[in-house]
Amino acid sequence: MAQSVPQPDQALLDDLVAANRILYKKEIVDGLGHVSVRHDKNPQLYILAAERAPGLVEREDLAIYNLDSNAQTLQNRRPYNERFIHGEIYKARPDVHSVIHCHTPSLVTFCVCQTPLRPLYHMSGFLGRGVARFEIRETAGMTDMLCSTPALGAALAKSLADKQIVLMRGHGATITGQSVKHAVLRAIYAALNATMQMDAMRMGEVMYLSDEEAMKGMEINDRFVDRSWALWKLEAMGAI
Amino acid sequence: MAQSVPQPDQALLDDLVAANRILYKKEIVDGLGHVSVRHDKNPQLYILAAERAPGLVEREDLAIYNLDSNAQTLQNRRPYNERFIHGEIYKARPDVHSVIHCHTPSLVTFCVCQTPLRPLYHMSGFLGRGVARFEIRETAGMTDMLCSTPALGAALAKSLADKQIVLMRGHGATITGQSVKHAVLRAIYAALNATMQMDAMRMGEVMYLSDEEAMKGMEINDRFVDRSWALWKLEAMGAI
Amino acid sequence: MAQSVPQPDQALLDDLVAANRILYKKEIVDGLGHVSVRHDKNPQLYILAAERAPGLVEREDLAIYNLDSNAQTLQNRRPYNERFIHGEIYKARPDVHSVIHCHTPSLVTFCVCQTPLRPLYHMSGFLGRGVARFEIRETAGMTDMLCSTPALGAALAKSLADKQIVLMRGHGATITGQSVKHAVLRAIYAALNATMQMDAMRMGEVMYLSDEEAMKGMEINDRFVDRSWALWKLEAMGAI
Amino acid sequence: MAQSVPQPDQALLDDLVAANRILYKKEIVDGLGHVSVRHDKNPQLYILAAERAPGLVEREDLAIYNLDSNAQTLQNRRPYNERFIHGEIYKARPDVHSVIHCHTPSLVTFCVCQTPLRPLYHMSGFLGRGVARFEIRETAGMTDMLCSTPALGAALAKSLADKQIVLMRGHGATITGQSVKHAVLRAIYAALNATMQMDAMRMGEVMYLSDEEAMKGMEINDRFVDRSWALWKLEAMGAI
């Protein structure tokens, strides 16, 4: 560890552990996928578990990385190969405080089609800010699809631009939020919207939210994230 | 509290708690959504939980509102923003004794399409009385989609008219019943009917119930609601 | 009780209770639906629970009926309104020793479409013997869709003819077997076949089993019903 | 037992029990289906449970077979009728160390359609090596669809050729791996890919992985199989 690393707020660590478990319970991630949060004491650092299935992540698995995705506290553990997704987005987007990377089936389905993912209802209003797409071939040609280098992480962050979600062709999705709770909220409702949109499109013309409705829907839902979070956290931590 | 509020029947409160849990377990609501019941001692009052995820609602969360949706007993808690859905429907519809508001995926899918939701089988016969639609733009232009004012609640109640369900574009559904058990029954089978109808329409011409079959089916099912309720309540309360 | 009623084999009663629970756990029935077995000591009798959700049925709920569906042992309990489905099929079909009536979604979907339900694989080979259809309007005009009279039960049995499953328009399915285990096996795989067939038809031309393959598949699967039953029963009775 | 049979590694047996349970929990198998592993001490032997639902398989159920699928250690138990699927593939394919046979719904759906199953994302990259098809009629005419003889097992192995998965018309799938963990990984992601591909095809043109991407995706995922396995095993064995 190059320099002294501040201790993150304990509640933040609790929420990050909960986020790992919630994302698994809600089938946003499976054995793979990961979620991080920007350090509350130093925005040049972020917190992410060592390599482990999200459904198993515990407090002891959490490590601190700098924005080049070099581990500051990881002892005798392997980091996720794709940690650069997190570090490079935190570098490029000061407003982002949490990043989720996942292979959620309904989102992967949109990743491999040209159909735009658009908000059907207020719960996924954030999609109205746009859904970015990432084609790894443009940066690196024929690959194993993973963003496992700084350059690929940076290319992904560039594709994301000012959006909150990027669909990665042949791979999965990366979703951001102003907090770990908001990132989880976005992931869950992006996946639900994708499923409903596929069904709706098969019935004919779909009435999407207008841009203004989408933005207002996003704002109101962002304010009420704690109502869902209280439920999700209790469930995912086995308390109910 | 402006005046003396009568104590509701304890069994009614038990059923309302159960309804919250059942609707969550059956995936009619998620972290959001709500269910209310008209007060058994005073039809100018209704009972609804304070702001909380339905899956977590307990007896202590229940509060009493008048039909203007002003809380009569809510202490140090926030009410649901959309409580006006409940109050305004109770005002307009003396026959309604329970109201459910939800974002059930299969129903939201119909909310954003023009395809009419129609009864496929006796269990959803009540759809034969018609499925109302609510377009919030007609009342309030570009909004966050929520019915969070008395005027919007009243507009929704007007759209509902004499039906038992109203599909709200870009938002969700509101479902009524002559009791909390019947409202839950309708919500569960409306959602199932929606899922089956989408599948059936993809196979070709669909044979819907006639109006007479739908009404007779509704009547017989309404008489046997206790059979399902006994199961649902035991499950949702963790007794089995 | 008009005459002395023999005591059924205890293992048969155990299996009937298990069948109720299995059908619920596998989502073949919900709060409604029912399953019966022909009496092992007297083929003019059958065993069926008193009115109760199948997922809750216990040994004490079981009652004995004659083939006119008059209860021989039901004390202070209500019978299912549609018990005539069971009695009339047992009358018409000496080879049938168990009857299931259900509203399984994937089967209801086929009930309201003209598309024939056909066997995709050996597990549903029994569909190769044909899938009957019942249109209640032909017997009784506009009804509540229920087979709640002897005449309607008899009409259903006539529609079933020599098949093992009948799809009832706007209602559900009735499935038979040479034992309660076989009836459960047929119900589970009929529902699965329906789901897969809907998906397969959307991909283009479907290769169904030939009649000979279907019959041979049915025979081999009928011989191995105990392998699945052992698992299903342990699960449904909460033993694993 | 014709000759002395070496004792397999205990960890291998543990993993084989876990594989049975995982495949059930992940709905790759139901009451039927089976999974085997090549013996670690003698490649002319393999290990497979006696006839039992995979979800119930315990260490005591495991038996050792030679490559002609004659049981070497099975005492008073019946073998699976289709054990020849395993033995004949081990004979033909020295690189294969584990075989899964299943009737997974999403895979059966592809079995009965002409649509090629192709890799959508890195997790199912192994599909890029090709998906074989087996038509039992070519070998044996009208059958019960089962590979229950050495000749049918050999015909299946011939259809598999150098691929890792073979879709058996009107029956199910057989999937191979270089270890039991890899076979389970392939089964789970083949099934998921099938489900997503059906959805994607309904949205229009699908962007599949290129052959090179598929191979590289397979290689990277094969290296990280332990991350998912740790989760799956704990879950399936009831440890979490």
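Note that the chains take the letters A, B, C and D in the order they are written out, and that residue 1 is the start of every chain.
Convention: a residue touches a chain if its C-beta (ideal position, glycine included) is under 8 Å from a C-beta of that chain, and two chains touch if they have at least 3 such contacts.
All values derive from a computational prediction rather than experimental measurement.
S.K.: Determine whether subunit B and subunit C, two copies of the same sequence, contact each other through the same residue numbers or different ones, counting it as same when over half of the numbers at the interface appear on both sides.
M.R.: The interface is built from different residue numbers on each side, given that under half of them are used by both copies.
S.K.: Subunit A to subunit B: how many Å between their CA centres?
M.R.: Between these chains, centre-to-centre, one finds 33 Å.
S.K.: Could you please state the distance in Å, as a whole number, between where the Cα atoms of subunit A are centred and where those of subunit C are centred?
M.R.: Each chain reduced to its C-alpha mean, subunit A and subunit C end up 46 Å apart.
S.K.: Can you list every residue of subunit B that touches 2 or more other chains, as numbers and ranges?
M.R.: 202 - these are the residues of subunit B that touch more than one other chain.
S.K.: So what shape is it, when you link every pair of chains that touch: line, ring, star, complete or other?
M.R.: ring
S.K.: Under the stated contact criterion, what part of subunit A meets subunit B in this complex?
M.R.: Those residues of subunit A that touch subunit B are 120-123, 125, 192, 195-196, 199-200, 202-210, 212-213, 216-217, 219-220, 224, 227-232, 234-235, 240.
S.K.: How about subunit B: which of its residues touch subunit A in the complex?
M.R.: Residue list for subunit B touching subunit A: 30-32, 51-53, 55-56, 81, 103, 105-106, 108-115, 142-146, 169-172, 198, 201-202.
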